[in-house]
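Labels run A, B and C following the written order; every chain starts at residue 1.
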């Protein structure tokens, strides 16, 4: 690596200051809720962990565990093949998506006040345009991340916020998604709730529009993020690689953001 | 066909291997010591004893068979009697017939058991299939519980009082005071008896025999042989044996003696009034009461009154368990079934260790054993006489 | 009158917890017939097929006619108390710990005389009723109680050693999110349980039954997901030393079999909940409960598994469900053996179809949750071990006893 090369600059920023690494990932543990489907449908397994050994008779030298979970558990990456609309697209699964797509800019729009006022809050094109007026247009191939502070709800009941009509969690308006794709060419949509669609999105005219349109256009999803409040509205870089699962529809991911600027206390 | 008598049969050499509460010795040792005392007492060689009749719980897993190898004997007649407290008179009558028939010349009847710290518990914890299945799981009281039932029922059915049982126990203790090997050497008062530690209501401590280690033994041979050996001996006037009598009685108030009592005296040619002393099986006093009734000394249910009206000490008008019985001497397992018989031989041959019954010519020894389930199944008895030869 | 049960007290921190012992458990093969009868709550003795003589203790040959066909038949339970005793001394450790202990001899109207454990308020000459109960060794014993029950008779301390009475005891109901969980909570409360702990999995999925449970007095709810080893372990660390009766009512029914509905996920979920769930509970709560099996009049005593009657024979309409229930049943037998040294009894309650959403397509008769709860309580009070609840479960038990091939071919229930 040549001195003064691009990667040296990057690493200099990371180790020497100037670039912060922010963890956007929630901790995987058994009580992390998974998306709820009607009981007669197939269900995603929750995260489960069984100890193999812990320096004991089962293995005196080591501590390790067996894990099980669905692909869409905790902070995770949704691949286009996840949805019926994206099933026949090229390079649509976790093992075939070109790896450079796992690094991309992020734009963060703060909807925390609205989400606190209304759990069913839907993000609209108007709001994006108002945000762009302040922070500039969303660059092509960027993530749009919807900050709601929803991930601060540590209690599964509040986080899922379900009643007999389904979940009540914020998400994108169904009209917003085609515009984001066609007009802003986003790489995907990320949020803090358990799925990229709003809790009530099953009742929309196009059910689960974020999944339907994003994946139908070979874009990605990044739900169940945390720490979005630590990101600037513009300029962060997200590192989002899923596990390389053959024909995987997604996978839990350790999502990191690189943010320029000094570490805030 | 009328029963054959026991003419020409001598019962002799009464032997007691002294009792101890617990012993590290085995049952084989107690039986072996008994045999050694028998041949020493008879002045015969070990090989002269050609018949054996053995009774023991704690020989297990061995039986009389294994004992022959332990003791180095080669008998031509061998019997093992698994009847516990009923074994004494049963051994006697079988040995007598063997000698009468010429199948054996000298039969050693030996009953002995050891008592390790855990022997008694192990014995009662696997006593019989019925006891394992239907008695021991109920409180694991062993014979205490079984005799508590019989005593409770008897008392209410026939109006016997604790004081009546107490009088019998106190008299036996009095008898025991002169018996050198008796385990209980302190006088017992009626107050002591009545106020003793409760064991299984209505039974208290002095209602219950003390399990211990020891052996009882005697020889059976022809009276000619006894005479040639110079052995004082007793004769057999009659014997009886019965098992599982009165199975339809819902609870035991009588036992096999009652079925056989008439033939018993007829065969002996004597009646209850002719009996000079009674050695009854006495692991608990209620069974003594049943024997007093079933053997014809008073009608059923009247033993309490009988005891009240008689003096049961050796010097009394109804000498009863003159060595002190098991209640005062101790219960050395199966030896308890021979204790009364051995004492009878002593009384009738003037070899008493303790006090003698004045002018005793005819004595009755009675045996009882094996609470297989809810009642004792085996009874036996013998009337012995003083030899006139 | 029976002495009233003293209320449970808080544990004395310096008193040693009495180690569990078992009453003598050495029984013949024949006597195990009594255990089979007691396990299902029957009072049956061998009756000679030839002469009709009622036999006791059990045997292989008729004591009257020597016939050898001695089928078990229900007989009259009444009799007269012929003798009684109170033991102050016992040879076996279990009873040594518990003397004085009352026993009696009962002359049965049916014929035999039996030795029986005796309730406090029976006296010689009284008319009594006998029952066959399983003792802490898991073997059948006779119990005599007054023909006319006196006050507090369920408080009889000897009886409590033989039964698993919920009165005064602390209960864990594993799944509070079903109607059955609610019915169990209400029934244990009515039966006098001291505290009722109720588990809740996936709290973000609301369940009306759970809301109703939370509203009950004396009920505390806890997170508990039997598919999550950590969750079960965490609750055991909190409640393991308190739970005296554990009721595993975990339940996950999905229709379908092996060929026509091949779905590994559904099948694994069934196994995870029914089989591995029981395993997780056993591995975390089992040892703690076993250690408290002799902890006084309110010690740990029972582990109840609510199982499907299809655990005993597969119903192909619920094929993988039946199989997972069979796995749980087998594990429950293992649990029974492993809990025995602590005197903890494992009760398997086999239920037919419940009247719930997952049995929508199943024709009646279907079981209401109150029926199941009531039977579970009764089994605990009376010391039964295997119970068939409802017409379907009863029919399955009967047909299995009669001809297992017939029901395998023609289950149609």
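The rule we apply is simple: contacts are C-beta pairs under 8 Å (C-beta built on N, C-alpha and C of every residue); 3 or more make two chains touch, one makes a residue touch a chain.
All values derive from a computational prediction rather than experimental measurement.
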| item | value |
| --- | --- |
| Most central chain, Cα average position | C |
| Chain whose Cα centroid lies at the greatest distance from that of chain A | B |
| Interchain centroid distance [CA atoms averaged], chain A/chain C, Å | 50 |
| Centroid spacing, where centroids are CA-atom means, of chain A and chain B in whole angstrom | 94 |
| Of all residues in chain C, the ones touching two or more other chains | none |
| Overlap residues in chain A, where contacts from two or more other chains coincide | none |
| Multi-chain contact sites of chain B, meaning residues that touch two or more partners | none |
| List of chain C residues in touch with chain B within their complex | 23-28, 30-31, 34, 56-58, 63, 82-92, 94-95, 99, 101, 103-105, 107, 113-117, 124-125, 135, 137, 139, 141-142 |
| Residue ranges of chain B touching chain C (in the complex, touch as defined) | 120-121, 124-126, 129-130, 132-142, 144-145, 148-150, 152-153, 156, 197-203, 247, 250-251, 373-374 |
| Interfacial residue positions of chain C with respect to chain A in the complex | 202-206, 223, 225, 227-231, 263, 265-266, 269 |
| Chain A residues touching chain C - in the complex, by the definition given at the top | 29-31, 33, 36, 42-43, 45-46, 48-51, 156-157, 159-164 |
